[in-house]
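Right, one structure below, let's go through it.
We just call them A, B, C, D, E, F, G, H, I, J, K and L in the order they show up, numbering each chain from 1.
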Amino acid sequence: MIRILVLHGPNLNMLGVREEALYGQHTLHDINGLLETWAKKEGVQLEAKQSNSEGDLVTWIQEARGLFDAIVINPAAYTHTSIALRDAVLSAEVPTIEVHLSNIHRREEFRHHSYLAGVALGQISGFGATSYLLGVQAAVDHVQSTQSASS
Amino acid sequence: MIRILVLHGPNLNMLGVREEALYGQHTLHDINGLLETWAKKEGVQLEAKQSNSEGDLVTWIQEARGLFDAIVINPAAYTHTSIALRDAVLSAEVPTIEVHLSNIHRREEFRHHSYLAGVALGQISGFGATSYLLGVQAAVDHVQSTQSASS
Amino acid sequence: MIRILVLHGPNLNMLGVREEALYGQHTLHDINGLLETWAKKEGVQLEAKQSNSEGDLVTWIQEARGLFDAIVINPAAYTHTSIALRDAVLSAEVPTIEVHLSNIHRREEFRHHSYLAGVALGQISGFGATSYLLGVQAAVDHVQSTQSASS
Amino acid sequence: MIRILVLHGPNLNMLGVREEALYGQHTLHDINGLLETWAKKEGVQLEAKQSNSEGDLVTWIQEARGLFDAIVINPAAYTHTSIALRDAVLSAEVPTIEVHLSNIHRREEFRHHSYLAGVALGQISGFGATSYLLGVQAAVDHVQSTQSASS
Amino acid sequence: MIRILVLHGPNLNMLGVREEALYGQHTLHDINGLLETWAKKEGVQLEAKQSNSEGDLVTWIQEARGLFDAIVINPAAYTHTSIALRDAVLSAEVPTIEVHLSNIHRREEFRHHSYLAGVALGQISGFGATSYLLGVQAAVDHVQSTQSASS
Amino acid sequence: MIRILVLHGPNLNMLGVREEALYGQHTLHDINGLLETWAKKEGVQLEAKQSNSEGDLVTWIQEARGLFDAIVINPAAYTHTSIALRDAVLSAEVPTIEVHLSNIHRREEFRHHSYLAGVALGQISGFGATSYLLGVQAAVDHVQSTQSASS
Amino acid sequence: MIRILVLHGPNLNMLGVREEALYGQHTLHDINGLLETWAKKEGVQLEAKQSNSEGDLVTWIQEARGLFDAIVINPAAYTHTSIALRDAVLSAEVPTIEVHLSNIHRREEFRHHSYLAGVALGQISGFGATSYLLGVQAAVDHVQSTQSASS
Amino acid sequence: MIRILVLHGPNLNMLGVREEALYGQHTLHDINGLLETWAKKEGVQLEAKQSNSEGDLVTWIQEARGLFDAIVINPAAYTHTSIALRDAVLSAEVPTIEVHLSNIHRREEFRHHSYLAGVALGQISGFGATSYLLGVQAAVDHVQSTQSASS
Amino acid sequence: MIRILVLHGPNLNMLGVREEALYGQHTLHDINGLLETWAKKEGVQLEAKQSNSEGDLVTWIQEARGLFDAIVINPAAYTHTSIALRDAVLSAEVPTIEVHLSNIHRREEFRHHSYLAGVALGQISGFGATSYLLGVQAAVDHVQSTQSASS
Amino acid sequence: MIRILVLHGPNLNMLGVREEALYGQHTLHDINGLLETWAKKEGVQLEAKQSNSEGDLVTWIQEARGLFDAIVINPAAYTHTSIALRDAVLSAEVPTIEVHLSNIHRREEFRHHSYLAGVALGQISGFGATSYLLGVQAAVDHVQSTQSASS
Amino acid sequence: MIRILVLHGPNLNMLGVREEALYGQHTLHDINGLLETWAKKEGVQLEAKQSNSEGDLVTWIQEARGLFDAIVINPAAYTHTSIALRDAVLSAEVPTIEVHLSNIHRREEFRHHSYLAGVALGQISGFGATSYLLGVQAAVDHVQSTQSASS
Amino acid sequence: MIRILVLHGPNLNMLGVREEALYGQHTLHDINGLLETWAKKEGVQLEAKQSNSEGDLVTWIQEARGLFDAIVINPAAYTHTSIALRDAVLSAEVPTIEVHLSNIHRREEFRHHSYLAGVALGQISGFGATSYLLGVQAAVDHVQSTQSASS
């Protein structure tokens, strides 16, 4: 059974509450609900966590080593400022997929660069809650093709 | 019936022939086959074309106006140099999704910037042929939610 | 009764202890005392907190939503590095005023840029403890004029 | 009796006439009125002048030497282009406070940098006419604390 | 009757005297003569002024409010250094057209950027005295189409 | 009889169809009609062509050598990315005038730079369809003054 | 028998016609003649083609795979703007040598950078028609030493 | 007895587990063991701590004031992004030495700059676990020479 | 008799009054006295003027045409911001020497660049009042060698 | 008889000894041998020298004036840092060709720029020892065509 | 017996003579004395040399090949400008450690970058004469661990 | 008796031989003759030396300590690339004046920056051989005023 860790970065606990025009009406609870429904249907084990703290996210990525087959992370503001998250992904050696609700290339210049992208498997941005669904799907696809390749 | 145009940019006709380590063993013919199989299963109308010419791609995007509900495009090298493609997407007013086989953020600096991303619905990169499959799926999802919103 | 949250960023707990030439002899305790005296005199409800953790500050800003009419924050070092604080202000939708003890434009180049300023109501820097007093006054002024405008 | 010179830079004579959304409905005459009322109440001597000419502003700052205890200046467009104003402040050796009606950090990139800030006592921006009131208050506060320190 | 103000920036009073290879043999008097002849023929009211002072030009633009329907300005050296002129155009709210005798893109790098262009209706450069004639024509055209649109 | 070639770059065939707020309601057909009417009235021979292909535009400029007295070109997106167009103008040695419908200095940063401007006679931008009319007029003016100078 | 493809980029069909001071009096026909004479003497098979279209050049490079042992290309203006040519060279996997008639380092800043150079075998610039002769010679030398190494 | 605080930044708890080629086979436990052995031999009091949280590291540096004679810190990813750590060192006024396992100048561009270095006593990088040993030795050397100077 | 115009830019009227450490104890009156003494001894006609206004300086340079053989100017703050002064020197065609009291290369980064230097005969900086004396001497030397060359 | 000076810059005396993958197995002695063989066959007088000292290379270039018809130089590391070599070439006025063993555009960013290229006749890079052979050939070709042109 | 070469770059022969505040009172002779004492105690063979000439330093590094097990070098000013030293280290293939007396990150911006660091084993800066002692110790440590690894 | 050392940098031994338009017809011998004549007249002891080697110039500056009262140096190409010369001036602590024959601000961008200027007493450029005469005069003036100040 494939195990996926979904991590939500800072301020994503405010989804649905703030800035609807940019992020839509879904709360974080709604998105986690969608992901769990999908996971159940696909027979995937899925855990989702949110934190406003860079250190927590680093620690959770480290702890995923051996416990999860893939990480799907929306690093939010830390996308652009955190080298620690990048190093955590390198040290955990768990395939990691970066997702964003909004299209970061349509926003302020400083949101165009991602420190994580260079060590992630891939990046998906701009599809709202669907970005997460595509992310977990890509994760499953990657784990399966890796497993079949090594079997 | 949802209609999707898939456009492949320059040198993608060489897929499977060249640089396997970077782009995988799938030929463009294989990828188009995967997309057609998916389209048939999902009941989606799908057309795929490739060109090495910037002008051809611009014209095809313009002509999609009224004929297609969404475009999924891998602009390849033109991602980073073509403002004409960007303007074509603006003028056609067909929702457009940008996909890349490789993770462009892991490659040369000049491949990190996309002129298209600022006008695309979203961007998916790094999952090989799967990037296309996620792209058409995001396209269908977007068209359906727009249609249900306006109905 | 107007409610104001005063937030002190990293290392401000060391005020009065360190670098007197730059920051003056007031301890953080002294500044909070000045603010409380002012608040009592003006009939304003005021709460002050300090943290060295970016995540704590983000959470406190989020929690201010609905509980406070304005935030006066000295983000200290996080002024220049934290997009998460910026996003927190955007999501909390509480008018926020940025204050600095020292004139940040007289210091190192990397202290001239503020990620917060672009979403703050305004910025006050260079007047020592007086910066805070001007900040809470500007906050009261803003809340009153907004209330009278909407009444 | 504390003496304060208030200087208004180019185009501020058009306040209230132009761009209300950005600068509010107060005319320059209104702002000077507010300042005079405040001055009378506080027992402060205050003089206010406006010019569109960089040279005039330079000369007025020079002439303040010995005649005023502090300058509160809104250099407007010259904030970003005038080194002559900066040198005037250095040569006059009168404590100078920089104020702005709008939050300059929310506007075009070229308005983010101030040549004056590096030699000013401090900077206040974003509070409309209130910026001036906070500025003169900061000026009085500074003069008083300097006088008590040297007495 | 359409009223147009023509403003000439610094050093344009030296035209015909200096640097013929770059600016041609026409003196400023000649150019003003050409413009007056054209104005008489077209039934347009036209006034032309020159100054070496940034402050004068700012004031003249402000005073054009309500008195002129359009401004045609060759800001010369101030094109590249004056934000005050830009703000004056914003505050006067008179449609403004920027003209240059020489092609500024063929000259030194620092002449390629214009602070005015971002708030001007349009820019014409490189046609010598003809640049002015095209400018006043564009001004008339703009005023007429605006009037017919609002009538 | 003066002969002028008018060239329209990529996506200009979509005029009137797309983005009315930015480009107005005129179709390319309308603009060519205006130009032909003007040409007939002025006794000028005028030919107009559009292409989405950089190579076509290069070839048409080359072929203008000896056949046309001037070129008026709106290079659209290729303005900012094509050195080949610049070299074509250099090699054809036909006086070339660059025109733009919108004011390129009011748009994205990457639209502020023109590779063509450095070799063009002059540049006109921001007046909608009128930009073309001013352009052909400037072309006629230039050809006549050159002819009279050499006769 | 060694097979070499010589490709000429945009505007090189104008050689000898334009800008003699920079490019000399040789027409493209002359240069191709020199190359054919050399090829005949050396017993090398040589084919030369020119295009103004980026897409054509990309396609010709792709088609060289298996048919030619080396490519000698003067990408002209596309040297500095085309990532598609770079990718074509990568996908074709035919050793490619970049040549320039003029010394590109003596010209405008934007001609100093080559997207092709990073994937070419080597670069020769500044010797007029001789650049091509040195290029084909280097190509032969490379093919021979590779063949002898692998035999 | 000299007292030294050794601080390990984010992800260093993964040493020996991850990326052996870059960081060697020593775990953090091994390194702390080496340091304790050395400390015992030298008669130095040494305490070592690790955290993934920027705020924790800031607080520990502050608390070192008065309790330790020197700090040896490997700030890892925070080296390049944390101004808060820099300010903590300034406020604690405990001599601080920056160490790195790998040679940061051989890695990605963004790892070449250190916010800490400007306030540290010195920097040692590239010697694996030996970097720490040299660091504590330099700390002892510095404390001793300062003490002998002031005695 | 050689005629030299000496121009002093903004804030130089404050010399001797302000910032003695940087500019010395000489007042502007002293410097003009030194220059007049020198002029009398050398048999040179010399006139000195100061202004805080950019426009005045531009006008005085223009008026020097035909009346003076050389200009010695200390543009002070306008050195770094005024293109109008540069153009004035170009239009007046009077040989101009740029002098500075302090060594501008030892001061803030923004004082290292001079718009005037590119059109001046030469530049002298760093010798206090002596800079002016060397400047007028260089002017005389230049005028004499030019006169002897053309006689 | 044509006389050519071949100069080898710093560290080229280590060729064949170091970094074979990058520079091949030829020692400098081998390369000089190849050049001498070629020179004898072509009837050219050739002298080759190497130095690690920038000053020596400058002096040798100066001394070539009048004694040699052309210089072929591989400036190695000094390519990117020496303006003195550039000035030496300018002052010697001997046609100079720059050669490199490796393709400098495939190496570190700081090796892409050459101070010499702007004053060299041309540049050849990437062909190993063959670069030198192409260089001396280009030199002979240039000298002969210059001589025939002037005879 | 381990053999270490210590190289001192330009101006280090002036140590103790100049700028005591920055470099301390030790002369170069003192430092060499310290190193010799240490070497004798540790049973290490050590040779120290100083030169103001870049070429000499290059040559000495080359000659170390085979004669020394490690180099400890303080390249002083050449740290920031010499690519030739970098190439010498690459060609000599002797492990090299870079040391600095002062903390180069506390000095001018142009002293923050080191061309050598990218090819050195590691870098030590900021500890005065102790930097050298830590450097030779690191050298010994490295040689021993390499020898034990290969034995 | 005041003692002045005059140092000429690389390629200045070619003066009069090369590039007359830029540097005039004076040979270095002529310039030294002018300086000696002046020295004899003024009763100043003067020595002049030239070298193409950076190391020689560094050494000569060091040796000036105690032997000369001032240095007048034209560092030529090393102006822009040598930090070693800057450090030599700092270590020698002999007042140093930088002179240039041509106006370096009228030449290539890379000649506008001087590493020496930041530590020189002052800089004189653009007056040909006269630059040296003004330089030695400024040196004498400086030494005399320093001596009179300290006596």
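Basically, a contact is a pair of C-beta atoms (placed from the backbone, for glycine too) under 8 Å apart; a residue touches a chain by one contact, two chains touch by 3 or more.
Because the structure is predicted, anything quoted here is derived from the model rather than measured.
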Intersection of contact partners for chain A and chain C: H
At minimum, the number of touching-chain hops separating chain B from chain C is 2
Contact-pair overlap exceeding half with A-C, pair selected from B-F, I-L or E-F: B-F
I'd like to verify one number: the distance from the centre of chain G to the centre of chain J, where each centre is the average of its C-alpha atoms, in whole angstrom. 23
Let me have the rounded angstrom distance from the C-alpha centre of chain I over to the C-alpha centre of chain J, please. 47
Computed distance of Cα centres, chain K from chain D, in Å: 55
Can you check how far apart chain D and chain G are, centre to centre, with Cα atoms defining each centre and the answer in Å? 64
Would you give the residues of chain G that are in contact with at least 2 other chains, written as numbers and ranges? 53-56, 81
What's the complete list of touching chain pairs for this entry? A-B, A-C, A-H, B-F, B-G, C-D, C-H, D-E, D-I, E-F, E-I, F-G, G-J, H-K, I-L, J-K, J-L, K-L
For a test of understanding, state which residues of chain K touch chain L in their complex under the given definition. 9-11, 13-14, 17-19, 51-56, 76-78, 80-81, 110-111
Please output the residues of chain H touching chain C within their complex, sorted ascending. 53-56, 58-59, 62, 65, 81-84, 86-88, 90-93, 115, 118
Residue set of chain K touching chain H in the complex reads 103, 105-106, 112-114, 117-118, 120-127, 130-131, 134, 137-138, 141-142
